[in-house]
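First subunit A sits with subunit B, and in the next complex the same chain sits with subunit C.
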Partner chain A sequence: MFRALQQLHEFATSYNLLLLLEGGARTLVLSAAGCVCGFVLGFALAVLRHTAAGWLLPARILGVVYVEMFRRIPFLVTLFLVFYAFQALGLDVPVFWVAVASTCVIGTAYLSEVVRAGFAAVPRAEWDAAATMNFSLLQTLRFVVVPQAWRVVVPPAFAFFLSFIKDSALASQIGVVELTFVGKIFNNRGLMPAIAFGSVLIAYFVISYPLARLGARLEGRLALSRAH
Partner chain B sequence: MNYTPHFGQITRYLPYFCGGAAVSLLLATLAFSGGMVIGLLGAMAKTSGGKVLRRFAGAYVTFFTNTPALVQVYFIYFVLPSCGIVLDSFDAVLLGLTLNSGAYLTEVQRAGFASVRRNEVEAAETLGMSRRQVVWYLVVPHIVRTLYPPLTGQFILITLGTSMGAVFGVEELTGRAFSVNAETFRSIEIFTVVGAMYVVVTILASLLLTIAGRSLFRARVSVF
Partner chain C sequence: MPYLELTDIGASYGSKPVLAGVSLSLERGEIASLIGPSGSGKSTVLRVLVGLLTPSGGSIRLDGKPIDVGNTATIRDLRRRFAIVFQQYNLFQNMSVLRNVMIAPLKVKHRPREECESEARRLLAQVGLGDKLHAYPDQLSGGQQQRVALARALALRPEVLLLDEVTSALDPELVAEVLDAIRLLAAEGMTMLIVSHEMGFVREVSSQVVFMADGRTVESGPPAQLLDNPRTPRARDFVGKILRH
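And now, the complex of A and B:
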C-alpha cells in the first residue's frame, strides 16, 4: 500500500501527465481523421450503391463485397494488412498514417451502411420526383436527400466514431504512440501495472464519457425533431 | 512495386490456421455465454433492481463501454498477478472479453426488456393467464425474438474482438498468423489469407445463427 502511494507520487510528474495528454490527443486525432476519411468514402460508396445505371453494376458488386468483407475482418488484421501492403508497395509511410488508413478502410465499410440507412429513410417517391424535375444526382442529394437523411445518419455515425476511439487502442500494436502505447511505456518503465494501465483507462474514460453523453443527447434531440 | 506474392509457401499452414479459427470461435462462444449471463443479471438489476443495484450495474456498464477492451485485458493480465491471481493469457483474454461483452449485452438485453408492451401484458392478464403463463408464453418469446438479431450481431463483433488475443500470445487465428509470420515473413499473404478466413468463419457463423433463429424462434434475422 505504501509502495503504491509512493509510486503514485513518482508517477504524478508533469512529464508523465504530458505523455498521457499527448497520447490522448493522438488517439482522438487518429480516430477523427480515420472516421472523417471513412465517412467521405463511405458516402461515395453509398451513392454508388444507390445508382441504377447498368454499366456501374460491376462497381456496385465490388462495393457490396468490400463492405461485407471489411465488416468481417478484425481491426487488428486490417492494421497489419495495410501495414504490410504499404511495405510491399515500397512506400515508407509513418505508422500513424498506416493506422489512419486502416481506420479509413474499416470506416468506409461501416459508415457506407450508416449512410445507406439514411438514404433508405428518404421515400423512394422523393428520389423519383427529383429525377422527374430533372435534378442531377448531385442536386438530388444536396437539395432533397441530405437535408432529410442527416438526422438518421448523424447518431450512428457518431457512435461509430466513439467506438473507434476505443478500437484505435489496437494501433499501439503497430507502434503508434497513442494512449494504450503510453500505458505500455509506463509499464515497461517499471511503474506498477495498476498505475500504468489504470491511468490509461481513466484517460480513455475522460475522453469517451463526455462524447458518449453528447452522442446520447444528440440522438435524443434529433429523434425529437424527426417526430415533428 | 517489385514484390511477388507467394501464396504457395503458406498453404501448408492452412490446417494450423483452421485450428486457430476454432480457438477463436471457442473464445468467442465462451465470452459471449459469460457475457450473456452478466448481461441478463445487469439488465435485471437495471430494470427492476433497487437503487444500489441499479447504480452498480450502471457504473459497470458506463465504465466498460467507455474504455477499450484491449486496455481492460492489459489491466487484468498485468494487475491481477500482483493480487496473487495468476491467469494464463487465454484466461485473461477470456475474462476481459467476458466482462467487456457483459457490459454491452446488459444494454442490449435491457432494451429487449423495455420493448415488451405494457398493453400486451395487460391483455394476457385479462385473458386470465397466470403470472407464470404471461412470462412463459408472452414475455420470453417476445424478448427472444426481438433480441435475437442484435445478439447475433454482438456475437460476430465478439468473434472479431477475440483477435486481440494475439497481443497476449493466445494461439487463436490472429495469434497463429503472428507466429507463422515470424517463421516465414510472408506477411502480406498470411494476413490476406487470415483476413479471408475471418470473413468465411463469420459468414458461416451468421448463416448458422440465422437458420437456428428462424427455425427455433421465428426471429427476423438475415445473414447480411
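And now, the complex of A and C:
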C-alpha cells in the first residue's frame, strides 16, 4: 500500500501526464480520422453502388469486394497489410500515418455499409417517384434520401466511432505511441500495472464517455424529430 | 398518326416475364383505360412508359418517331412528357405538401421560385388542398395524399398523365374526392392513360378501353363496346365477373 502511494507520487510528473495526454490525443485522432475519412469515402462508395450505368459495373464490383473483404479482416491484419504495402511501394511513412491509413481503410468499409443501410431505409417508391420526375441520382440523394436516411445512419455510425476508439489500441502493435502503448511504457518503467494501465483506463474513459453522452443526446433528438 | 403507339411490347422482372405482347395507341387529348385481372401487367405498361422498366422487345413510337429505350437522354425526354401518379402516392415524406409539388419544377426544370410556388399553390387549391400547404404527408389521409400526388404530377406540365390504380389504396369514402379531381382534368382535355378497377369511372371518362390478360393486350374499343359487348371470350369472362355485382 505504501509502495503504491509512493509510486503514485512518482508517477504524477508533468512528463508522464504529457505522455498520457499525447497518447490520448493520438488515440482520438486515429479513430476520428478513420471515422471522418471513412464516412466521406464510405458515402461515396455507397453512392457508387447505387449507380446504374453499365460502364461503372467494374467499379461497383470492386466496391463490393472491397467492403466485404475489409469488414472481415481483423484490424490488426489490416494494419500489417497497410504497413507492408507502404514498404513494398518504397514509401517511408511514419507508423502513425500507417495507422491513420488503416483506420481509413476499415472505416470506409464499415461506414459504407451503414450509409447503404440508411439509403435502403428510404422506400423504393420514393426513389422511383424521384426518377420519374427526372431527378439525377445526386439530386435524389440530396433532396429525398439523405434527409430521411441520416436518422438511420447516425446511431450506428456513432457506435462505430466509439468502438473504434478501443480498436485503435491495436495500432500499438506497429509502434504507434497511442494510449495502450503509453500504458506499456509506464509498465516497462517499473510502475505497478495497476497504476500504469489504470491511468490508461481512466484516459480511455475520459475520451469515450463524453462522446457516448453526445451520441445518446443526438439519438434522443432524432427520436424527437421523428414525431413532428 | 397516333401520338403514342406501343407495338408488341415485352418485358420481364428478372427472369419472370410480365409483358408478352402489349399493343395500344393513344391520340392527343384522348383518355384510354387499361383494365384486366390483377397481375395482367397493366401497371407494368405505365412503368415502361416512365422508364422504370426497360422493355425487352417491341417498339414505342412517340409522334411517329421510334423511341430508343436504351438511351438515357430519350428516357429523360419520355419522363418530361409523361407524369405518373402511383397507387401508393409515393410522396416525399421529408417534405411539406407545398415542397413536394414545387421541388421538381424548381430543381429539375429550374423555373423561377415564385412561378413554381404560385403554380403549386394554384394546383393544390384546384385539388382542394389549399389549406394543407404546410402539412407533411403523414399528417394527411390517403385521399389527400393522392390529391397532392396528382398536383405534383401536374406541376411537371406533362403531355400525358399516367394514373396507376390511384384509388385502389384508398378507403371507399375517399375515392370520390380523387375521382372528382381527375374528372376536372378530363374536362380540360388532358391526355391520360389510366389503370383502374373503378369500372363506372372508366366507362364515364374513357374514349378507349383496353383489356389486358397475362401480359397481353387482348381487346380494345370504346367503353360501350368493350364493357357491354366484348368480342373475345376472355374479355367477356372478365367483364361478366366485374359487372355482375
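FYI, the second predicted complex is superposed on the first by the 226 of 228 C-alpha atoms of A that agree within 3 Å, B and C clash if a C-alpha of one lies under 4 Å from a C-alpha of the other, contacts with A are read in each partner's own complex, and residues count from 1 in each chain.
The rule we apply is simple: a contact is a pair of C-beta atoms (placed from the backbone, for glycine too) under 8 Å apart; a residue touches a chain by one contact, two chains touch by 3 or more.
Treat the numbers as computed from the prediction; the structure is a model and nothing was measured.
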Which superposed partner A:126 touches (first subunit B, second subunit C, both, neither): second
Which superposed partner A:18 touches (first subunit B, second subunit C, both, neither): neither
First, second, both or neither for A:214, with subunit B first and subunit C second: neither
Subunit B versus subunit C as contact partner of A:72, first or second or both or neither: first
First, second, both or neither for A:147, with subunit B first and subunit C second: second
First (subunit B), second (subunit C), both or neither touched by A:139: second
In the superposition, subunit B vs subunit C on subunit A residues touched: B
Subunit B versus subunit C as contact partner of A:61, first or second or both or neither: neither
Contacts of A:204 with subunit B and subunit C, given as first, second, both or neither: first
Footprint of subunit A on subunit B - complex, ascending: 1-3, 5, 62-63, 65-72, 74-75, 78-79, 82, 156, 160-164, 166-167, 174, 177, 187-188, 191-192, 194-195, 198-199, 202-203, 224
Subunit C-facing residues of subunit A, complex: 123, 125-126, 128-135, 139, 143-144, 147-148, 228
Residue numbers on subunit A that touch subunit B, as the complex places them: 68-69, 72-78, 80-81, 84-85, 87-90, 166-170, 172-173, 179-180, 183-184, 187, 192-194, 196-198, 200-201, 204-205, 208-209, 212
Subunit A-facing residues of subunit C, complex: 50-52, 76, 79-80, 82-84, 86, 88, 90-95, 103-104, 107-108, 136, 156
